[in-house]
Amino acid sequence: MELLDLLLEPWRSGLERRALIEVVLLGLACGPLGFWVITYGLSYPAESLGHGLLPGLVIAALAGAPLLLGAAGGVAVGAAAVALAAHDERIGPDTATAVVVTGLFGAGTLIALSPDAPARLEELLFGDPLGVSDADLVAAAALATLGTLALAALHRPLCAVALDGPGATALGVAPARVRAGLLALLAAALAVAVQGLGSLLVLALIVGPALAVRRHARAPTRAMLAGGAVAALAGVAGLYASHHLGSAAGASVALTLCVAALAGAALPVRRAAAARARPGGG
Amino acid sequence: MSPATGVAARGLALGYGGEPVLEEVDFSAGAGTTVSVLGPNGGGKTTLFKGLLGELAPVRGTAATAGRPAYVAQTDRTRLDFPVTALDVALMGSLARGRWWLPPRRSDRALAREALERVGLADEAFTRFGQLSGGQRQRTLIARALVQDAAVLLLDEPLAGVDPASADRIEAVFAELRAEGRTLLVSTHDVESAARHDLVLCLNRRQVAFGPPAEVLVRQTLEATYGSEIVVIDDGTGSVRAIAVGHHAH
Amino acid sequence: MNLIYAQGVPPLPAPVELLELRAVGVALAELGLLAVAGGLLGAWVILRRLAFFTHAAGTATFPGLVVAQASGFSPRLAAVGVALGYAGAVERAAHRGRLQADAATALALVVALAGGTILASDVFESGAVVDRLLFGTIIGLDGGDLLVSGAAAVLAALVTLSLGRAFTAVGFDPESSASLGLPTRRADLLLLATVAAAVVAALPAVGALLVSSIFVVPAAIARLFARSVRGLLRGAVLVAAAQGVLGLYLALWLDVPPGPVVSVLGASAYAACAVAIALVARARPAGPQAAEAPA
């Protein structure tokens, strides 16, 4: 049957099979995390860290080292640099992040575009799901499991600080530490996911699914589960589109994630959910 | 409907979309009058000011002032890291006087220096705003309002966290402005200082009372205004001293 | 460096010889004009905290550039259209105070980049064109680019002269703007539109992804030392010019696009200045005066 053929085709190739598994694992890992990233207003830091880790990626690629190592190093350096630069109140975190990210991203590009360097910049920028190795799959699986465990363990502190920052301290929760933990999780997710979607597009995986479900699922657990599901489904859909349309895999996955976000934002909210969600008073 | 002098509100209700957060405001104050505005946080003092400034359109009723009022917010609402001196800040008041798209005139600069002198900051004209003390910063913002030369001044807790020397200077300036025939609305948590003004307006999501201090600063009115946030000391002489336990968390 | 230059680092070219090349002269002029626009507007960008907007405005033009390149339509017009549309959307979203404005903006950038790259792979044979659109070029600049950059510089100067006082007053104390009678919304929209239009002027030289190197970093460096808004404006233009000239020279030497070189140069200079200031502050005796940077 034609439809069945269409659905089964990608699974026949080992490359694409691995890509599908990778995308599903990444979706399950990043979708739930995205709920907290948006709730804590960390979209801009996420975007910036994604760009800022590029030099790490490039150096790893040139040195023949595993990209995950480069990404992890890049994220660590980027986060530290932003934290340092943001210290100056005259500049402010917004501008400090811009300066650091511009410098790091420029440095990565500079190294990658040097005449004698092997040209892999496109893949590092826009992702290469089809280039996924077994090691990458293991990393993605590790992120999915460990990340979920971490989110489960941090669930109550995350909720407490999000709902009532100053009050959380009274409950024995330190907002600064919770935020730092969330950032660490975000950094890990970025480092693993960047292999699939690339430095420029990885944000779609973190933020897209969460935006898609935000208006429809308000409770944290429900939103996280829905986010994970949407992320995995959208990722798979993106790979199918790439397979049948012949478009770049990473970019196709990123686009489907964004389309999902747009659809979720545009779809009318179910009445019961809307009534519960309406804020009381001005 | 702009009054020739002072401030007037008739049946005013203000809100931010949705239900009004301040209702039944009905008062007027003419030239040469100071009005202290009392009320708990969230009671509507800032909302009233926004309505009088024209920033908020009335949900019901009218609000009118003689010309555009000068607004002096608290200094922690301003950016302390901006590369501006006290003189620069005072000079900002001249933007209200005319063509703001042109550079400041010499007369504007002279006015700004005069205003700084009036508030006792002539020596700090070239000090960066962020390096001034809290009281000095508040005085600089008042200097800006002076340069604006407005008939009506709205001041949001101008004495909060200000050192006594600055506070005295500020109150002296208020007296001068009153003598010049301007109208001042001063929101405050200090019930004691309210007694020194011409009129008192009490707000708690609606107008609780308006009138001379002797009439308004009585136990029932204060309790209706502040609820449980007030400590009333009745020393048995008939008048009441009250301390509002207002917190400054905004 | 062995990692990159298998044949060893190329010799430094003599500046005088370089200037004899017409393309280099054009590039120099271009970067000079961009320094004026980027320095002046950059001061407002960092005072009004618009760094993310500026970066996003540049990135958002990428698909427009791809389409224009492929269809022969004027890339500048396409870019201006996209950038202005983006500015308007941002202003409206900010005014409504939508919670997820940041997230939505970031996603919009991903759409721009992903969409642009898919279009590009369909349309262009080699990745070199994409690299040029993303990171800029030295040799591809022409008189038209100079004209646009000149216009951007003039626009930046006009906006600064007439609206500068208003921007400062509103940035310093947003709540006072109603009282001062300033048309805040329109002024802000004009600033966003001007920045977006000027960003378009920088696209040929530094590419869609690195406009912050011209519109944010020089002003940030100047900010470390500036004691007044005027000083900030002057300093930003000077730093942008110096960075542009030196960056161009290095880009010619290393045979790489100018965008990345200028970015690394600027960010490194910022880091060096920030560290130097911190060290000097630590060496001085503690006191309120120590917080002020040396001129």
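Every chain is named by a letter (A, B and C) in the order it is written, and numbering of its residues begins at 1.
Convention: a residue touches a chain if its C-beta (ideal position, glycine included) is under 8 Å from a C-beta of that chain, and two chains touch if they have at least 3 such contacts.
Please read these numbers as outputs of a predicted model, since none were measured by experiment.
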### Query
Any idea which two chains share the most contacting C-beta pairs?
A-C
### Farthest-lying chain, centroid of Cα atoms versus that of chain B
A
### Task
Could you give the separation in Å between the centres of chain A and chain C, each centre being the mean of its C-alpha atoms?
26
### Task
Using mean C-alpha positions as chain centres, tell me how far chain A is from chain B in Å, no decimals.
48
### Message
Averaging over Cα atoms per chain, report the distance between chain B and chain C in Å.
### Response
42
### Query
In chain B, which residues are in touch with two or more of the other chains?
83
#### Entry: chain C, residues touching no fewer than two other chains
223
### Task
For chain A, jot down the residues that touch at least 2 other chains.
90, 92
### Task
Mind listing the chain C positions that touch chain B in their complex?
47, 161-163, 165-166, 168-169, 171-176, 178-182, 223, 226-229, 231-232, 288, 291-292
### Summary
In the complex, chain A touches chain C at residues 38, 41, 43-44, 46-47, 59, 62-63, 85, 88, 90-92, 94-107, 109-111, 113-117, 119, 121-122, 126, 200-201, 203-204, 207-208, 210-211, 214, 247-248, 250-252, 254-255, 257-258, 261, 265
### Message
Which residues of chain C touch chain A once you look at their complex with the stated criterion?
### Response
3-7, 45-46, 49, 51-52, 54-55, 100, 102-107, 109-111, 113-115, 117-118, 121-122, 127, 130-131, 135, 209-210, 212-213, 216-217, 220, 223-224, 254-257, 259-264, 266-268, 270-271, 274
### Interface residues, chain B side, partner chain C - complex
50, 53-55, 68-71, 73, 77-79, 82-85, 88-89, 92-93, 95-96, 100-104, 128-129, 131, 141, 144, 148, 150, 154
